[in-house]
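Chain nomenclature is as follows: A, B, C, D and E, assigned in order of appearance, with residue numbering initiated at 1 for each chain independently.
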Amino acid sequence: MTPRQKRYWLGFAGVFGVPLVWTSLFLLIPYAVMLAVSFWTRKFPLFVPDFQFGNFRQVFADPQYLEVLLRTGKIAALVSVFALALGYPLAYFLIFIVRTAKVRNFLYMVVIVPLWVSYLLRAYVWKIILGTGGVLNSFLMWTGIIDQPSGLFLYNQTAMIITLTYIFIPFMVMPIYTALEKIPPRLIEASHDLGEGPFWTFLRVVLPLSWGGVVAGATLTFCLAFGDFVAPSLVGGPDGMLVANTVQTQFGAALNWPLGSALSTVILLLVLTIITISERSERYGKIDLD
Amino acid sequence: GELNILTWEGYADPSFIKDFETKSSCKVSATYVGSNDDFAPKLAAGSGVYDIIVPSIDTIGQMRLAGFVDSIDLKKVPEFGQVHAKFRSNPDVTVNGEVWAVPLIWGSVSVLYRTDKVTQPNSIKVLWNPEYKGRISLWDDKSAIYWAARMLGYDNIYDLDDTQLATIKARLIEQKPLVRKYWSTAGELAQLFLNDEVWVSNAWTGLIAKEIRKGGKPFTVAEVDPAEKSEGWMDSMMLVKGSPNTDCSYQFINYMLSAKGQCGIVGSTDYFPTNPVSAKTCLPAEEARSRHLDDPGYVDSLVMWQMPKRLDAYLETWNAVKAAM
Amino acid sequence: MKTIIQLENVSKIYTGGFKAVDGINLGILEGEFVTLLGPSGCGKTTTLRMLAGFEEPTRGRISLDGQDITDSPPYRRPINTVFQDYALFPHLSVLDNVAYGLRTGKRKLGQALVAERVKSALGMVGLLGKADNRPGQLSGGQRQRVAMARALACQPRVLLLDEPLSALDVKLREKMQVELKQLHQQLGITFLMVTHDQKEALVMSDRIVVMHDGKIAQIGTPEDLYDRPASAYVADFIGASNLLHGKVSALGDGFAEVDLDGAVLRGRLADSARGLAVGDAAVISLRPERVQRVTDGESKESLSVFEARVMNRHFHGYDVRLDAKIGGRYQDLAIDLRRDSIAMVDSLPPMGEVARFAMTAADALVFAEDQQ
Amino acid sequence: MKTIIQLENVSKIYTGGFKAVDGINLGILEGEFVTLLGPSGCGKTTTLRMLAGFEEPTRGRISLDGQDITDSPPYRRPINTVFQDYALFPHLSVLDNVAYGLRTGKRKLGQALVAERVKSALGMVGLLGKADNRPGQLSGGQRQRVAMARALACQPRVLLLDEPLSALDVKLREKMQVELKQLHQQLGITFLMVTHDQKEALVMSDRIVVMHDGKIAQIGTPEDLYDRPASAYVADFIGASNLLHGKVSALGDGFAEVDLDGAVLRGRLADSARGLAVGDAAVISLRPERVQRVTDGESKESLSVFEARVMNRHFHGYDVRLDAKIGGRYQDLAIDLRRDSIAMVDSLPPMGEVARFAMTAADALVFAEDQQ
Amino acid sequence: MHKLYWWQRGLLGVVGGTMVYLYLPIVVLVVFSFNSNAVMSLPLAEFTFDWYRKVLANEAMLTALGNSLIVASCATVLTVVIGVPAALVIDRYRLPGLGLFRRTILLPLSLPGIVTGIAMLNFYRQLGIPLGLGAIIIGHSTALLGIVVSQVLTRLSRFNRRLEEASQDLGAGPIETFFKVTLPGIRSAIIGSALLSFTLSFDEIPVTYFLTGRDNTLPMYIYSTLRRGITPEINAIGTLIILASLVLIVASVSMLKDKD
């Protein structure tokens, strides 16, 4: 080794040592342990080491788990769609309609601030708003739209979707905002110059160029909503159990860690698949703007 | 010293715990469970967290079998002998002459309803009554299975077979659209009533109704024993294995068996004391009667909890119900 | 030839109050190649953007073929732009970029027609082989060509070019200058180009509009501007120029002599300097390449001869640049002597010493001082 | 003068296998101003970076004052660099930027000494008034000066400059060329500069190293390269050049005639072309500015006269560029005619017609074909 | 301002609605924190500070708050100390395996927290590591490491490497160069991601849920309180948290503004 190479590798070891050890010890090994436990067997009163695929078989054979997975996927997808439907116009507005950078930065902060307010509280407030005696019912009765408080707003999947969408909108707005911000205004002018009005310019230039942000935001929102277990317990009803609650149950009441670990492993794989797909399509959408 | 107790709402109320803390110089911090199924996982997750747990009669056996607890050194609990013999001799409290649990308090689970909305129910079937669609609640606990079993008229509720469980599961799933929310703590159920969300539910007799009445809403609630009988429960104190604070633990156990402890907890929960000797010294006669101090036979009018023979099957059934649409 | 674009008294004041363009009047003839030339910030781009429709004039009127288009949006003008940074759509292939303007909401041409027009536009710029590439995969020069093709595919009445070549390196720029000019001649479309490179403007334009602080300083053919600049400002901007400050010491028949405190130079009076009187402060502009070396004995009647001290010498390949000082105030004077033969290098004046130079009076221009 | 930097057989192969520098041998004398010149990608920057210590030569040896420094890291070399993008520290003031090298590593000078040296360095580049500004608040030219001052404050033995002026616009670039050169003369430090602008190299350097594909094509003074290029490649790179391909039709006394299928041109035989025989393929290089116009009747003994068809004409201000075609294969020929008098424009050959031109044989160079 | 197109007006409507959606809950929270009635429904009762008084007297809550501050601070320091070098290595070295390393370190960001939580729980149980604040800190650091790494990586990719070369060129060795040039260059990314780490750790539930022993964090305290029924105290805590967040945001924005 030349002295230079020696310096190179010394630097590498010095800088990389701590992160490598930490990541292996507290990230890789725990996931590995989780994987290992997913092959164990539940045996009253606890569970014992083993190597068998029963837990995975149960996850896929017992319709209740598939049903929960599907329901969770459905809700996470709806949350992503609604967050996108509200978040995209918001980001678009900030970038292309707001004229001065000062106002834009201020409004952006205004969107991001809720992110800094306790997640739990943001979920729980919806209980006050949507409840039978809540703000929404009071408002509707006051306006005379309804004369009996409705029980339809709280303790069901709609409430969960409203709450989760609310919680995750900032995660949708941020990447889209960043993507839109990177689009040179020049390109929009070029489109106008070539005879295309604002609407088609949006479809043909702005949307494709912000696709990376949309994918990133949707992936993040989907994954976060997919793993949530707080909203169901606060605003969800009897039909609102999500996969994270199922995992929680296995580590709680059911005391079946092996099955819970198997479920978690399945979630892990699912998320990895989603991320990989999203990275692919993001890369497809990621266009070198330089 | 420090004492970490895994227990139920109302069991560590400052009204009587403060007194213990000053007397013993043991600081009590309580964590509340919402179901007996919360004990095992909390203890399984790691030792060294809790010193005393207060599971119900159907769960203490599981705690012992899982090795989560130590047996009780009776020399250190002089008043143990005053506890209702019925509880002392319970096969899960005393096993092969060794005592594992110190009974603390007992009571029933009955039907709680709003008198202005629900005509007085005489059967558990009220919880399946479509008339009250969206206004029904049910305790989020494996005991839901007992309730369904009793509604169906099964009498082997702690030893149900697979077909029975399947039927029960179907009935519970059938009930889901009627249910507004499964409740998991007393406070939650009280709030559900107070916020107009729920009109009828099964409930721990005493505490919850008391809480609702404190809310000052312009309606009244009542508790009723259905024709299928109410359920009976008894909660005992157990020593967590490996707890470094056994000294404080024994002081606590003794305090809770004393007059201050028994009347304190009765006062905060409206449940029934297990030590009639000390309770009698502090309860007015009228209350002593309504708390069945001299009437342990009342227990026989209840369906007393036992550990189900196939706990796992019960849990699985209940979880499947919750997971279903 | 008829006027295609007419700017009447057009001004642009940006929010904030900055007056970027200040009452411009300009007519552009059909088929002309006109260049806006001027230093950074003089308002060239702003003018172009008002024509394209991206900026709204604060005052004034813009018309195309006699029709007022001041208020019509960019996507309704038969005008296309080649942007300085090309503004190619990075997510579209070269083909789709070029086809973009042909597939718009309104101007929806048939598949076949689009294909044909794209092909002809790409053929024009020699990029048929790159149709399927993304802009990111092209070199700078190729991107420039795509931008041209994209604009031309729309068959605009007027093509606007904002510093179309400034992102290219020297060799490529010179090559593209020639190509662009040829394209203009082929197509007969009106070109309006912006540049701050006077050489580029001279090489390419039919007419050049020299701008200064939002106003037009002079409009004319390259020869006009080079040989008959209207002001010292234009003289300085077009080609290298020495601007020497002095006092008028003699006047006569369109000529003036300027005294630089010791050296006296003779030059033509600029049109704008007719009013100068003897004793007035004046600026005389002379181009480095018009100065000649005269050996000590030599003297020519037609030339105005002067002395300057040679301070430094740079090899320019084509010629030798002398940095000299002239007059009592030691004003800088650049002189380019041609190395017509290798032997000549030896006859260069020695550094640090005073030497004699000369120039035709017709090659120097005299302006009034304040005009600069 | 003694050699300060010596590169012996230095090569750089990047991971991936690309050979960026290919066995270079080069000695630089103390106090010299040497320029590396060549087209993009020829290995100039790589060579400079190996000298600075940022890249490790794959093969070969670099020594400074006779000592091998091939393996020493950049922070132990008494060499400083002016980066192309200046690489000023954006979080530090101008003063702290310039002081950076004086407060770092082993060279930790006292407060007072640092202040003094910073002051003198900033004074040198005329930026004393900007000491407290951040680089972001400076213009391009000022940043360039700060980068110079920062490097010079360290009093390096050798100053490396990687395209130091390429980010500046034309006028400023020309001004800074002169300043840089003066600084070099004042300080006496060895300068090694990289550029791809041949004009810049010609103006500034004592010696120029022309690179080609990682190898050295020629080393010499500006005059050497301009007047005696070793190859057609160098001739083409230094100044504009027409390279015309033909066959040797006659040889004699250091001169050759090249037949271009119809037109015959006479030129000096390049040193490397001594072996040419009649009938061999050859390239003749002639500079546009060395070609003269001869009117129909005229004929001069000393000149080689030829005909070419004038295709196009561009106004260059200084002179007029003619695009012409020569010979049976219609090879492109650029001709620059000087507009010495305004009247001359009228005597320009008409476009599309054949006209007669001439040049001295000494001004054309003949190379063997394969050398290009 | 020129007149708006129909679609611009529609957009404005959607944006306005979204803003209401974003802020209505926060307004509700704040308003009810001053409402004397313990049951939270309209109409409002009297204005009161009682809930704030109760919060400030609530020892368990204050202890939980203290724990949360400890956890968030430690986790933030750890994520920075581990994350910055990790980002540097990923950015600087082209070695096989580093891509995988990057993906691994970023994985917990998109993975439901519950998976990381139970992975940690399994792991601690096998090792016999006691649950508690220490366990939570490790969990949070690992789960949030990706935030620092991704933000710093983004900044590093924009960071001009020439500056480091310039520093070495001027005589500074690699370590001095890091502290004098690289660190100032990525400073705002570090501060920004540290703030985000802090907030997310302070707010964390799914990982914490499985790792708390005796010690509650504030969100866990709130969560268990919520499970036992709502009290307006929670609204008061929420309002205080919003206030603190605002102060933090304003501080960080003004802190980051001056230099970049």
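By our rule, a contact is a pair of C-beta atoms (placed from the backbone, for glycine too) under 8 Å apart; a residue touches a chain by one contact, two chains touch by 3 or more.
Listed by chain with UniProt protein names: A, E = Spermidine/putrescine transport system permease protein; C, D = Spermidine/putrescine transport system ATP-binding protein.
All values derive from a computational prediction rather than experimental measurement.
Steps from chain B to chain D, minimised over paths through touching chains, total 2. Number of steps on the shortest path from chain B to chain E, with steps defined by chain touch: 1. Should one ask which of A-D and D-E has more C-beta pairs in contact, the pair is D-E. Rounded to a whole number, the gap between the C-alpha centres of chain A and chain C is 56 angstrom.
With each centre defined as the average position of its C-alpha atoms, the distance from chain A to chain B rounds to 38 Å.
Work out the mean CA point of chain A and of chain E, and you get 15 Å between them. Chain C and chain D, compared by their mean Cα positions, are separated by 26 Å. Among the residues of chain B, those in touch with two or more other chains are 44-45, 195.
Contact of a single residue of chain A with at least two other chains is seen at positions 7, 131, 133-134, 199, 251, 257.
Shared contact sites, meaning residues of chain E that touch two or more other chains, fall at 39-41, 121, 210, 227, 230. Those chain pairs judged to touch are A-B, A-C, A-D, A-E, B-E, C-D, D-E.
Chain D makes touch with chain E in their complex at residues 52-54, 73-76, 79-81, 83, 85, 87-91, 100-101, 104-107, 150-151, 154. Contact residues of chain E toward chain B in the complex are 38-41, 60, 121, 124-125, 128-132, 210, 213-214, 224, 227-230.
Note for the complex: chain D touches chain A at residues 56, 71, 73. Residue ranges of chain C in contact with chain D, taken from their complex: 40, 169-170, 178, 181, 196-199, 202-204, 222-223, 226-227, 238-239, 287, 289, 312, 314-318, 321, 323, 338, 341-342, 345, 360, 362. Remark: chain A residues 7, 11-12, 15-16, 18-20, 22-23, 26-31, 33-34, 37, 86-87, 89-90, 92-93, 97, 109-111, 113-122, 124-129, 131, 133-135, 138-139, 142, 166, 169, 198-199, 219-220, 223-224, 226-230, 233-234, 244, 247-248, 251, 257, 260-261, 264, 267-268, 271-272, 274-275 touch chain E in the complex.
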